[in-house]
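In this document, chain identifiers A, B and C correspond to the written order of the chains, with residue numbering beginning at 1 in each.
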Amino acid sequence: MPTPKKGTLLRLHFSESDRHAGKPLYEAVVERARQLGIAGATVFRGLEGYGETAEIHRPHLMRRDQPIVVTIVDTPENIRRLIPEVESMMDKGLIATSEVECIRVERSAAPK
Amino acid sequence: MPTPKKGTLLRLHFSESDRHAGKPLYEAVVERARQLGIAGATVFRGLEGYGETAEIHRPHLMRRDQPIVVTIVDTPENIRRLIPEVESMMDKGLIATSEVECIRVERSAAPK
Amino acid sequence: MPTPKKGTLLRLHFSESDRHAGKPLYEAVVERARQLGIAGATVFRGLEGYGETAEIHRPHLMRRDQPIVVTIVDTPENIRRLIPEVESMMDKGLIATSEVECIRVERSAAPK
């Protein structure tokens, strides 16, 4: 089994209705992460919430406005590089990081 | 970019069918957090699970009973203040905390 | 209130279409965790993502292929015991661990 490596878990909390450059912010963030060569990103929609992820009144109030959390795991260096980029795309929200130990699994397609 | 501040991430694991004071526990928890001035809370529903979040047999078995995770990020002091409150509302479940570094983004509505 | 205990939070990232032994990998992982006496497991489906959880082209491309994250909290010893088991079930994905402080709530069914 591979030895775990030090990584950083980045959590971005904002709202489903947040937009950036004409598209949902969560899509823009995932796209930016990919452009920057970040290893992966996952978007989750919450059932409900408040704070960093809600009570944002916008013209498109009729749309669903549920909390979004994007989680990204990569090396501490890559996460440090990503944070100012995503911070500049957000109007309101929370950026939280924590330390993780990571194992990336990538097996060849040989039969098991 | 703002300097990150030390925070605590609180995770509460329980079940969608859990109730408190006549309402879903996850709603009661979010309401209590808001009353206590906690910065934000997000509720997620899992696809499936067991342990702290399942195998709870209740009269309302016909309802969906999926795992719920509530995540809350605030200062260590505020999370310490919240834990006994939510602990007293739960019959069964898991309360887990971890350290995070936080940046709160709150820009004025000026055009970017 | 009970004293918190040191625990490990295990996060497994892979894809909804991943399979193991004829069933969805996330079901196989939850089943294996249960067999090994792990305290609990929760499966979440993401809205979208890439990296460890996507771009896996498989014969069953017509099925939904969204990112899956399984979170498991238990003692450090139990998580160490679980990791090689789940690692051997995954073809591609991410295994990440972090330290948590845990309180397990399990009250008797006495009226509150």
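Assume a residue touches a chain if its C-beta (ideal position, glycine included) is under 8 Å from a C-beta of that chain, and two chains touch if they have at least 3 such contacts.
Bear in mind that the values here come from a model prediction, so they are computed numbers and not experimental data.
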Query raised in the report: chain B-chain C contact: same residues or different, taking over half shared as same?
Result: different
Report task. Could you report, rounded to a multiple of 5°, the rotation needed to superpose chain A's C-alpha atoms on chain C? Result -> 120
Query raised in the report: Between chain B and chain C, what is the separation of their C-alpha centroids in Å?
Result: 19
Query raised in the report: Hey, what residues on chain A touch two or more of the other chains?
Result: 44, 98
**Report entry** Residues of chain C defined as touching chain B within the complex
**Finding:** 1, 4, 7, 9, 26-27, 30, 34, 38-45, 68, 71, 73, 98-107, 109
Query raised in the report: Within the complex, which stretch of chain B touches chain C?
Result: 11, 13, 44, 46-54, 67, 69, 83-84, 87, 90-98
